[in-house]
Amino acid sequence: MVPISASVFFLRPLASLGRWGQWGGRQVQAVLRLGGAVLRNLPHAEPAAIWQQARDLGNRSMFFVVVVMAFVGAIMVVQASMQAQRIVGDLSIIGPGFMQLLVREFAPTIVALMIAARYGAGVAAALGAMQVTEQVDALRLCSAEPISYLVVPRVLGGLTSMPAIVVVGGAVAFVSGGLAGHFGFGIGWTSYFRTGFVVPSDVAIGFCKAAAFGVAVPLVSSWAGLSARGGARGVGQATTRAVIGSSVAVLFLDLVFGAAGYVAQRW
Amino acid sequence: MWSLLYALGQTGLAVAADAGGMAMVLGRTLQRLGPPRGDSRELVRALKRYGEESLPIVALTAAFTGMIMVVQGATYVQQYGVYNLVGRYTGFTTFREVGPMLIGLMFSGRVGAHHTSELATMRMTEELDALRVLAIDVYETLILPRILAMVVGMAALVVFGDLIAIGAGAVCARLMLQVEYAQFFQALLEHLGPMDFLIGVQKGLAYGLVIGVVSTHYGLNAKGGSAGVGRAVNAQVVASAVALFWVDYLMTSVVR
Amino acid sequence: MASANPHMVFSDVHIAFAGKSVHAGVSLQVQRGSVHFIMGQSGVGKSVLIKTLVGLVHPDRGSITFDGTEVVGLSEAAFFPIRRRCQMVFQQATLFGSLSVLDNVAMPIARHEQVSMAVARQRAAEVLESLHARHLGERLPATLGPGLRKQVAIARALALNPEALLYDEPTTGLDPIAARRTDRLIRETSIRLGVTSVVVSHDLQSLLSIGDWVSFLHAGQLHFDGPPAKFFAATDPVVRAFVQAGSSSVGHC
């Protein structure tokens, strides 16, 4: 017999961990199935609809991304300068080092997390409202395939516009970091605004991440919207699921690409 | 040109109105703190529910955070052979910056969003008015206890998340860079003081308050049926993110 | 109906939303203990008018007194004592979904009378009993039909022993049997407890069976004010149109 304390402190958390794992596995499966359907429907993609979604993503998120990335740049340069002052006292590598980190890591990831909050939630709310009011079924009845009509343009639109927004966001963060470094720590303009550390493989990793996030965020959000059930409450839950789900997808892909990049560089 | 200026002006006005609304929520909440006039049972219930809602997602996020930090540094570590620094920089960045921020973003997406949609739904169905007519103060019964629960909950989640992130980071460092656990934790304990840890907890407290105030504001001011609930939740997530980065900036550059 | 001591007095009430006028100088009085109907087409501002009494809507101009106390311009906190004496039953019943029927009624008692939840539940059970709804106690609001929900909402409004009750469209959306039962509850409550009842409605059958008085609003003005018999016999074209449009359903019952 298992002692009570063991069952409370060990088995029960383990059991719920198992349940969460199972549940998570089912969600991932569903998203991947939707991804497969998107691939099958790629030939029917309409350039006009893709362009529309790409612009929608940019229009809705640009202001927000610029504001957040301006804060991110200032925060990171201030933190790094404080550390550098304490340890080495050399602030000249802050600029190029930050540039490299931005390209490889922070610009794609943070911008994608922000897009998940701004655009992903909107996609889920729109598709979720269509789903609970049976408009998606109506589409099916007039023989329009909902996936190619609703999801494919959003995924391809994300794929095209995410890298562009990442570039803008990264540039804003770099400039605001330069301002914070100059006025807070006296870092010279010419020593900060250098790109010397960035090598082609950094750009490649950053671009691959941005493209992958550009697919993942609309895909997960569309899945969240299309699986909405049960009126206004269901739409609200779908919105939350889109934000959380696409954020987790972004972090997971970030980890995968980071590890892959590390392995590739060693060879 | 003019339309751009006009749009900027409109945005400015909207931002100012929201900021004013949040200040009002904060004021009314603080006003009920002394002497405390909140519902303590609701506080306990909210704490329990927020914990249940966000523990799995925070654990997952924290594990990713720790691993990403190690992976990011891996190239430099190899290049300069500074294997003894892995534990140090992983702990430093996780405790002070990345941990609280990512946990805050997830908390706002989960708990803040839930609070907003609940208040917004109650507003649409006139339940908030029904409470007022029963001469029951919404701030005392719902808002103050839940904002307190968010403050306490965020701080606790930061502590919990830090532990998970460090554990995951150590495993990742062992697998990728063959850094022994002992070396990892030794570097962490030797170079980091309690301050590094406490700054993160302090950020957790601040972020909890920010998310509480922002999500309350958007919930109480939702308009326009069930689509309005979705819009309020979306606006809440976005505004919380901006507010979190803004507070982070203040705490990093002003408080130091 | 003018009398020496009316319970509620609206004088020259003006209300506008975003520049759009809803009420442009409405004056009327509600007598103590009466069942007073406020009628008019949808969107004419019936709900808005009664919500001013409990501070959910604030008039732009005019005066409203409750038992002699001016309520226009009161702060949210100053409305709390008024609300305990003047309760409102919302159109959608608005029960708290996470609480059982019994706790919906017990909650305001526990909060206001400084008694334990057990005592409050006992009192709540008595209130439910008086409305023939004791047997619903343990159920959740979502499991009740609209008629029963309305019954519970009335019980919750009575929990604080108010001296006046505002009903917002109590029979709208109910089937005829539930609607007539709700009418009877309103009348019984009025007689048993002596509360003043203000009933916003466009249900002519309700007016016919339980109304003492009717105020008819039209285009932001009080268009008719008098006893139901006169209302049904009125020659005014607007009132006639309203009565005739609704009388086909009256004829059926």
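All chains are identified by letter, namely A, B and C, in their written order; residue positions are counted from 1 within each chain.
By our rule, contacts are C-beta pairs under 8 Å (C-beta built on N, C-alpha and C of every residue); 3 or more make two chains touch, one makes a residue touch a chain.
If you're wondering where the values come from, they're calculated on a predicted model, not measured in any experiment.
In terms of which chains touch, the assembly is arranged as an unbranched chain of neighbours. With centres computed from CA atoms alone, B is the chain lying nearest the middle of all the protein shown. The interface carrying the most C-beta pairs in contact is the one between chains A-B.
Per-chain Cα centroids separate chain A from chain C by 51 Å.
Here the spacing of chain A and chain B, counted between their Cα centres, is 18 Å. Averaged C-alpha coordinates give centres for chain B and chain C that are 43 Å from one another.
Residue numbers of chain C whose C-beta contacts span two or more other chains: none are found. Listing the residues of chain B that touch chain A in their complex gives 11, 56-57, 60-61, 64-65, 67-68, 71-72, 74-75, 78, 92, 96-97, 102, 105-106, 109-110, 113-114, 117, 121, 124, 176, 225-227, 229-231, 233-234, 237-238, 241-242, 245-246, 248-249, 252-253, 256.
Chain B meets chain C in the complex at residues 125-127, 129-130, 132-137, 141. Residues 51, 54-56, 76, 79-81, 83-84, 87-88, 90-92, 94, 96, 107-108, 111-112, 156, 160 of chain C touch chain B in their complex. Within the complex formed with chain B, the residues of chain A that make contact are 20, 63-64, 67-68, 71-72, 74-75, 78-79, 82-83, 101, 104-105, 113-114, 117-118, 121-122, 125, 128-129, 180, 184, 231-233, 235-236, 239-240, 243-244, 247-248, 251-252, 254-255, 258-259, 261-262, 265-266.
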